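By written order: A, B and C. Residues from 1 in each chain.
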Amino acid sequence: MAVLSTNSVPGEPKQYSSTQVGTWLALIALIMTGLQYAGMLPALLHRLPENWIPPFAIWLDAAFNFIRTDLGLQKLTRWFAEGPLQFMLDTTANLLYGKKRWPRFEQIPWSAIAASAAVLGYYLGGWRLAALAGGTFVWTALIGQWKDAMETMSVLVVAAPMAFIIGIGLGIAAWKYVWVDRAIKPILSILQTLPFFTYLLPAVIFFKVGPTAGAVATIIYAIPPMILMTTLGLKKVSPEVVEAGKMSGSTRWQMLRHVYIPAARTEILVGVNQVIMLCLAMVVLTAFIGMPGLGAKLLAMMGSFKLGRSFEIGVTIVLLAVTLDRLSKAWVVKLPEHHEKGTPWWKRHIYLLVGLAAFVFFTVLGQFVEWFAEIGRRQSFSQGKEIDTAIKSFLAFDIVKGTTEQIRYVLNVWVLNPFRDFLLSIPTFGFILFVVAGALALGGKRSGIYAAIFFGLVALTGWWDRSVITLYSVISAVTLAMIIGLPVGVFASRSEAWSRRVLLICDTAQTFPSFIYLIPAIMLFGITATSVVMSILIFAMVPLVRYTIEGLRNVPPEMTEAADMSGATKMQKLWSVQLPLALPTMAVGFNQAIMFAFFMVIIAAFIGTQDLGQELQKTLAGTDLGKNFVLGICVSLMALTFDMAIMTWAEGKKRMLGL
Amino acid sequence: MKKLGTALATGVLALAPLSAIAADSSDPIVIPIHNWSSQIVMSNVVGQIFEEMGNSVEYVTTDSQAVYESVRLGDVTLELEVWEGAFGASFRAALEKGGIVDVGDHNAVTREDWWYPMWTKDACPGLPSWEALNDCAELFATAETGSKGRYLDGPVDWLKHGKERVEALGMDFEVINAGSAAALWAEIGAAEADKRPIVVFNWTPNFAEAVWPGEFVEFPVWVDGCDKDPAVGPNPTALYDCGNPADGYLKKAAWDGMEAKWPDAYGVLEKISFTNPQIAEMARLVDVDELEPDEAAAEWLEANEDVWKAWLN
Amino acid sequence: MTKEAPVISCKNVWKIFGDNPEAYLKKMPAGHTFDDIRADGYIAGVKDVSIEVARGEMLVIMGLSGSGKSTLVRCFSRLHDITGGTIEVEGQDVMALSEKELIDLRRNKMGMVFQSFGLLPHRTVLDNVAFPLEMRGQDRHTRRERALEVIKLVGLEGREDYFPRELSGGQQQRVGIARSLAIEPDIWFLDEPFSALDPLIRREMQDEFLRLQEMLGKTIVFITHDFDEALRLADRIAIMKDGAVEQCDTPDQIVMNPATEYVRKFTEDIDKARVVHASILAEADAKGEGEPVAAAATIHDLAGALIADARDYIPVQDGDAIIGALSRQKALKVLVGAN
């Protein structure tokens, strides 16, 4: 209660401030909960009666069926999947790993790709990037995962450009036409909070199981940031550049082509970077709907308890992600350079030529020396079994066992299970009131109203208990993440070197395919709520740490200097200067932590939960589009409620601090 | 001129049906791959046999329950491992809807039931009898289950009815559902470290036998109707009061358009039949020798030419 | 002086920012001040401005930031659509132009230079300068020829392949100037072109600009907030405040006869001797004797002579004619800066 009412919203000169209304609502909720405990609350206020719940899933199914068959959408999408999309995927697959389709080339030798990647790396970012890019591909080949990696890449090179084109197109439309912007915004918010399982099923139904559906799900998943970055970039183009373009007599098309888009290059390229990263993350996850490649391999390895090999695949994915990330970021900051007059043609294109030469050299070499073309399982340097042994013996240490057992006992028996039971014991209506009160206090009236609508809808779907359990996992994990992550962030922010190190760990932890954390979690904490919370914890901690560091390090130096000159101790400086100023940024991190937790809690269904994720996972095996969608929306609505309240608060606070 | 034309025409006419019979479609045969090793290798083995015959083959990874819907629609062409216990229901449902055909059984039996690794037996020597297991229930207790034993069942959607059986037989166990097969293995792996007694859901044939030797718990023997008629089984008022069948079938299934489109391949598929040892061997190549599935398949084919060459004729 | 039609002529031009400004302007009572309008939730960017620019003239629009000078010049080229009044450029009503006609007008008649240069960051100097030609659809070769020519004109030869970020501010503005001249415009708009530059560079660029103007003789609308700069360059100066033109006149007149208190304040700290010409002080009915002074000379130019001279009235000669005589007393007052 106290927490709810401490944050007042500035500038609300009404009779009752949001905080006051919030306090009242929270009080009512408290009374309701009390009544429920006393057994005096009417049952229908505790949980909505079954027969009040509208059959959303059935309606949605009917709607889907109508769109799918009556309107013939499925024919169209299937045509697209089997025609153009399949063709593109086949072509890239053929080039990268020699799947026997058009144009029926031999697969490109791994050494040729590695060499070209190294040259590209050198061109974009010097030796370090060359080593990273080349090294990643060499590792992939040597560890014996070349084919899987190329299966993944073959989809990526189709999905990323398509997501880019669609994203930039929609971004331009949203920037140009207000109504498109208005229509797109809520859809984007929902898309960004929808659990990825919800993308998968419709993709399978409309686009055929396998790479086509995977590619489509990947594309949809990666589009939103491209749209946002495009719009942002176009809006930021300096008005004088625009006027210069107009005064040069550009037509609308010329303006867009020659002025706006080139001038928004940086933002658009940042969008491209995000598209690539999201595509890679999703391509791995689409293993659940039959996407071959690293993700499928990882699932198979986990399915046969091969920890070492799973870990190696995880490393490959991280390396690929880091390489793509660094290359595309280097591309963002790479500015065109002029050549001195009279530079010969070959010198102007030296990198292109060297890259081509390396490519041709290794392609030819691959024809004669098999090793340079393909490394089979037998010749690879995989250390799967050794890592298995290492992991298992680590887990067998008494100290590890003892500690985890202790944590498991305390958390499960004393914290998590009672907390869950408590949340479940709150009457639905009271629970909604609590949430609304919180949203009011944080984000003001608008957030409060949306919270009421969103959580009301969740209650109406009939998945209330599971939603509460989902929420409980999220809250527990984020709370734990704060307890651990905030001190880590505060500590790391003290020195440049530590900040860098910790951020690197964050990056790595985040790019590791999410479900790889599940196995160690289970082995340490069993199939219990603790495992679920622990596997979410890692993901939730990353943004908290990152934004804490960022927030603290970006406090204007004159303020910390002023504090130093006032004779503040380190602690005083931290508490009275740095933390208050960093708070809005940290709130953004907190928000992301919640979003990530919602994402991960769904994956944690693989450990064994009773939440929405478990039901979602079940729907994947069937054709229950309606139910799948309802469950996904439940997650999305809860996430959006938090997102809206916290972000409104952070923005208000930022404005107040003049940041 | 006219004669020649007629001759040509007859020739073409005569050849046409022949070629139609002889040649399979050049479209790829789509073979689904799931997330356990034996099925993956078996799919590769069969795929390579088809390729040997001149067909083109494509593998897609699919969910093992959803696959029957895909087979029905022709998105994938066949399914090589239809387990009675795990997929019987989905398979039968698809059969009823139509579009899928039963292509016969493998010469193998499947079983899925409560299972324990051998070290458990040291702590509870009365095993494998279920009554003995129940007497040792406390050995299987965890922090969360209190004094009751914990039985780790498969994911809820596998519909293994562990809870119902515990109630029907009045056992002192609490049933916890794992979220995935991987979660089951992780638990066994964790228990292995300090040889903690554990009882989990498991099935055969699979790779686990090679990694962790173990046994199935012997419940009251399966009688037909145990899942439908309360009167059947030891508890006259409850369903699921017996163990699962100890000799479930392992079937092959195919899209009903396969016979017309790839008649040769379909003919071979009908003859294909693997035995338990053969299936175990396939799984071993991947799980123990750590080969890639396609390499494992090639190796298996090389070692067992007499087996599969016979199916080609 | 033959009365030629003005190049730009605007009558009662209004530019109001806000929701549906046309409707607001229609129902707005006459005599509403800038603050009245703001109280209604609108901003008067340009307020009832009537002004003409003659061919070959350099009109400097001068005012503090927010006075509406940039808005006014953007109305001339229809970068802004005006809310009320009419603007004619070369006799065409710009608000009546179709998009295509407007583009044609900009492609062939107008050039503009911006305060922070407005260069396209991804294009080289050459490509920036050639940009308007490219928009016009000229072929690569002609484009290049012409661009090189203008680059040479602004003294940037050898830097054709540089990117804007590799140039200093002064150089970047030279590129901006070159670009605006590439199409050989008749009308040249310069929006505070030198105010982002260091004082030394600014001076140099002003000289450069005067040199160019001497060569090219364009009709120029030049915006600045720097009164010295305005005095140095202008044929006429229009001083703006709150969207309205306070006074539009020659520098001498503005200095000697400020129309409003606001204008007078501007002129206060000015070294008037450098601005005021003998002609403006010449009183037609006064008679002087002896050697006349040139009408075009500033008082500063005449300083030495004025101090040494003993005459009360000195004749002023414009060409061959004596246009009157100036009072030495008054001239000395201007010289010492007394009011």
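Keep in mind that, in the parts below, a residue touches a chain if its C-beta (ideal position, glycine included) is under 8 Å from a C-beta of that chain, and two chains touch if they have at least 3 such contacts.
These figures come from a predicted structure and were not determined experimentally.
Contacts between chains trace an open chain of neighbours here, each touching only the next in line.
This structure's chain pair with the greatest number of C-beta contacts is A-B.
Once the centre of each chain is set as its mean CA position, chain A and chain B turn out to be 34 Å apart. Rounded to whole angstrom units, the spacing between the C-alpha centres of chain A and chain C is 55. Centres computed as Cα averages put chain B at a distance of 86 Å from chain C. Residues of chain A touching chain B in their complex: 99-100, 144, 147, 204, 208-211, 287-292, 296, 299-300, 302-307, 309, 376-378, 382, 384-385, 392, 395-396, 401, 405, 408-409, 412-413, 417, 518-519, 522-524, 526-528, 604-609, 614, 617-618, 620-623. On the side of chain C, the complex with chain A involves touching residues 74, 77, 79, 103-104, 106-108, 110-112, 114-124, 131-132, 134-136, 161-163, 165-166, 176, 179-180, 183, 189.
Residue ranges on chain A touching chain C, taken from their complex, read 238, 240-241, 243-251, 254, 258-259, 262-263, 265, 335-341. Taken together, the chain B residues at the contact with chain A in this complex read 30, 32-33, 35-37, 40, 56, 58-66, 69-70, 75-76, 142-144, 152, 155-157, 176-183, 185-190, 192-194, 207-208, 211, 286-287, 290-292, 295.
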